[in-house]
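Look at the two complexes coming up: chain A is in both, with chain B in one and chain C in the other.
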Partner chain A sequence: MSKKRSQEEYQKTFSFRFFRWFNGEKDPYLGEVEMHPQEEYQLDPQAALRYEKEHDAILDKVYDLERNKTMQLFHKLYHATSILFCLFLIALLLVTISYLPATGTIDRPVNNEVAKRYIENGLEETGAVNIVAGMILDYRAFDTLGESHVLFVATVTVLILLRLNKTQKSDAEINDRRFEPKNDTILQLVATFLVPIIIIFGIYIILNGHLGPGGGFSGGAVIGAGLVLYLNAFGFAKTERFFTEKTYKWVCFFSLSFYCLAKSYSFYTGANQLHSVIPKGTPGAILSSGLILPLNIAVGLVVACTIYAFYAMFRKGGF
Partner chain B sequence: MTAFQIILMGFLIICAISVSFSKNLLNSILIYMSFSLIMSILWVCLESPDLAITEAAVGAGITSVLFFVTLKKIHAIEGSESEKKEAKENE
Partner chain C sequence: MGPNLLANYGEAVSAILFCIGFTNLLLQNNLIKKIIGLNIMDSAIYLFLAEKGYIAGRLAPIVVDSVTSVDTYINPIPSGLVLTGIVVSVSVSALMLSLTIRLYTRYHTLNLDEISMQLKKEGR
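Let's look at the complex of A and B:
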């Protein structure tokens, strides 16, 4: 038979103490261990000065090249090995190059059926007058897709590294205003004339990518440079009217996914010998060569936005 | 190869060597910009105008602007004495 214990009796048992300790109701040190409040450690300023002097003296002795023989030897060896290493690398590369086939000979490995096919059938198969555009956006479109994604990943990385939160952002904006001369008349006048011309030139390069030299990447870079000039002349207040973080996000998202979907379709039809519904058009016309023109526009948009975003993030830590 | 191209290539080599020997970071960036400009002219001579456009826009334009901004951020661009005084007074 179990008997009922009184409260006092229970408090003497082990289980009471154990559960009190387990629940953290009693600090095992409080009232048991003698304790003194500790002073915060403060370095004696004279001692700190002495330590610094000693440290400097030791460093002076170590780097005293006239007396320290081992250091002298190490420096000499360091220079000698670096020169030897450079010479070795140069020799190695030159020897390797001498084994390559000479430029322009017929039996070069570059001179194979792939290049021949690009040159002979390129116009017929892609519809692009500019063979380079036909190559990078039709035969090797996968490559270009990867390049666009590399740009996007680079922006994301810069965003992770340089992005500031809201309080830091306002500080950065104040700093930006203080150290940057605002309302520079010469710059603004030049920008008013140059920016439209630069951007129209960039658009021309993108839209003529399949007809002449250029394409998405170069045109996008030109447009991005124009945007950077506009931002420098008129400040963030003007550019934020049409370009914010949201714009960047949606433009990149739509361009990259459009590229993926369009190219998936053409790869699917090409691999399965199906008839593609996209018309080739007459070569030389602006609306021709199938998917190359829209793909050029997509790549150009991504590149232009990326360049502007890079600049904005480097300067202010955000858009 | 024409004489013009050879002169440009000589400039390229001079630029490449002087970048590594210049003590001032600002000067190095300016030399780098001129390297890219010469390179873009050379691309035109080598009959690849698309590369020339890209080189002029990216190499000479955007990369150097990003370098300038970075130098400003790490306070590596030192202004003249009077500008420094003004900045101190403003603070």
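Let's look at the complex of A and C:
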């Protein structure tokens, strides 16, 4: 049997008040606690001045390396600890290395079935005589695509960091003229002979990437070095005839998107057991090994442009 | 100590180079020298990887006379990994150098202690 309560009695019970407080309908302290408005905080001007002085003194003391004994002690300790840590690290690594299997032997965990597969089936599956080129541009082509994008993103970031606006640019050009030799006859004569040879050698390395040592990255670096030499000898006026920011943008865009599309096609057909229209060719011929030659050219273009762009941006803040 | 320290002298050299680069990072105050230390560490890693792929008495992995047996060539995988490492190292060096140039134009010094001192004096 439940007892019937009146409304007033119910309102006095603890649970009713608790629920009202819980639902936020009632402030339990209203009318019970006395409240005064707080005084606003006012900074004493003298105290503020003293505080500033002390702050400056602390800064001077802490960051004055010549007079601060604690900092000097800390620096000495830091040097000693870092040398000791380096020695400890050397000892640790040497002990670890002494337990590794001997260099040059065959029965090491590195020489596993992956390497065996690459060597035994690489020529047949990729058509490249150079097994490393077949590996990085066919089996692991997305890795190389990522590398090219790393280079591109690095160039873009350097461009963001070092780019100058119009007025700064003219200052930089004046500085450039002051510090760099202009129209150096010896350099120009040497460059006239060397630049074509260097660039042809770079092109040879790129085109020969699937047949011998070389490939897009090394050949692109050689071409970039040739361009930098040309720039040093003849100045920005000559190189800007054929290489500007626009050229860089379009070359990188076309190379990277060609790489991406071509390799996506190749992976799609390979994964779905479809017939690929790209011919493998006879191994050893210059036009062979499917996509590796065009991909090498794309990577080489990106790398050559990147090397030149790095140099131009570090020297003048733009190109 | 294990038995193979002398046989693994290339890897030992790479470990020592790595530690030299790391100590450079710890001890040098000059930002350019710090970047050089990081590059020394990179080179140590390349040496280590090249040593890993080497097998005594075998040829570079370029097929000669269409001989494709495992016993003829060294391991090609570490060579590919070194390539990746070189590319990333170039990009990171360029990025760090450009950041250093920005710091230099702002603070007119390459010394990290002086830069942090100026930062403290600016109240950051």
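Here is the rule we go by: the second predicted complex is superposed on the first by the 234 of 319 C-alpha atoms of A that agree within 3 Å, B and C clash if a C-alpha of one lies under 4 Å from a C-alpha of the other, contacts with A are read in each partner's own complex, and residues count from 1 in each chain.
Assume a residue touches a chain if its C-beta (ideal position, glycine included) is under 8 Å from a C-beta of that chain, and two chains touch if they have at least 3 such contacts.
Just so it is clear, the model here is predicted, and its values are computed rather than measured.
After alignment on the shared chain A, the placement of chain B and chain C results in a side-by-side fit free of clashes. Residue contacts after overlaying the shared chain place A:Gly214 against chain B, while chain C stays out of touching range. When both complexes are overlaid on chain A, the residue A:Ile199 reaches neither chain B nor chain C. When the shared chain is aligned, no partner comes close enough to touch A:Leu145: not chain B, not chain C. Of the two partner chains placed by the overlay, chain B and chain C both lie in contact with A:Val132. Contact with neither chain B nor chain C is seen for A:Ala304 once the two complexes are overlaid on the shared chain. In the superposed pair of complexes, A:Arg315 makes contact with chain B only, with no contact to chain C.
In the superposed model, C is the one of chain B and chain C that contacts more residues of chain A. Once the two complexes are laid over each other on the shared chain, residue contacts for A:Gly224 go to chain B alone; chain C is not touched. When the two complexes are laid on top of each other via chain A, the two nearest Cα atoms from chain B and chain C are 6 angstrom apart. Residue overlap on chain A between the chain B contacts of one complex and the chain C contacts of the other covers 132, 213, 215, 217, 310, 314. On the side of chain B, the complex with chain A involves touching residues 48-50, 53-54, 57-58, 61-62, 65-66, 69-70, 72-73, 87, 90. Within the complex formed with chain C, the residues of chain A that make contact are 59, 62-63, 65, 79, 82-83, 85-86, 89-90, 93-95, 97-106, 108, 110-111, 114-116, 118-124, 129-132, 135-136, 140, 143, 147, 150-151, 153-155, 157-158, 161-162, 211-213, 215, 217, 283, 310, 313-314. For chain C in complex with chain A, the touching residues are 1-5, 7-12, 15-16, 18-20, 22-23, 26-27, 51-57, 60-63, 66, 68-70, 72-73, 75-80, 83-84, 86-88, 90-92, 94-95, 97-99, 101-102, 113, 117, 120-121. For chain A in complex with chain B, the touching residues are 132, 178-179, 205, 213-215, 217-219, 221-222, 224-225, 228, 307, 310-311, 314-315.
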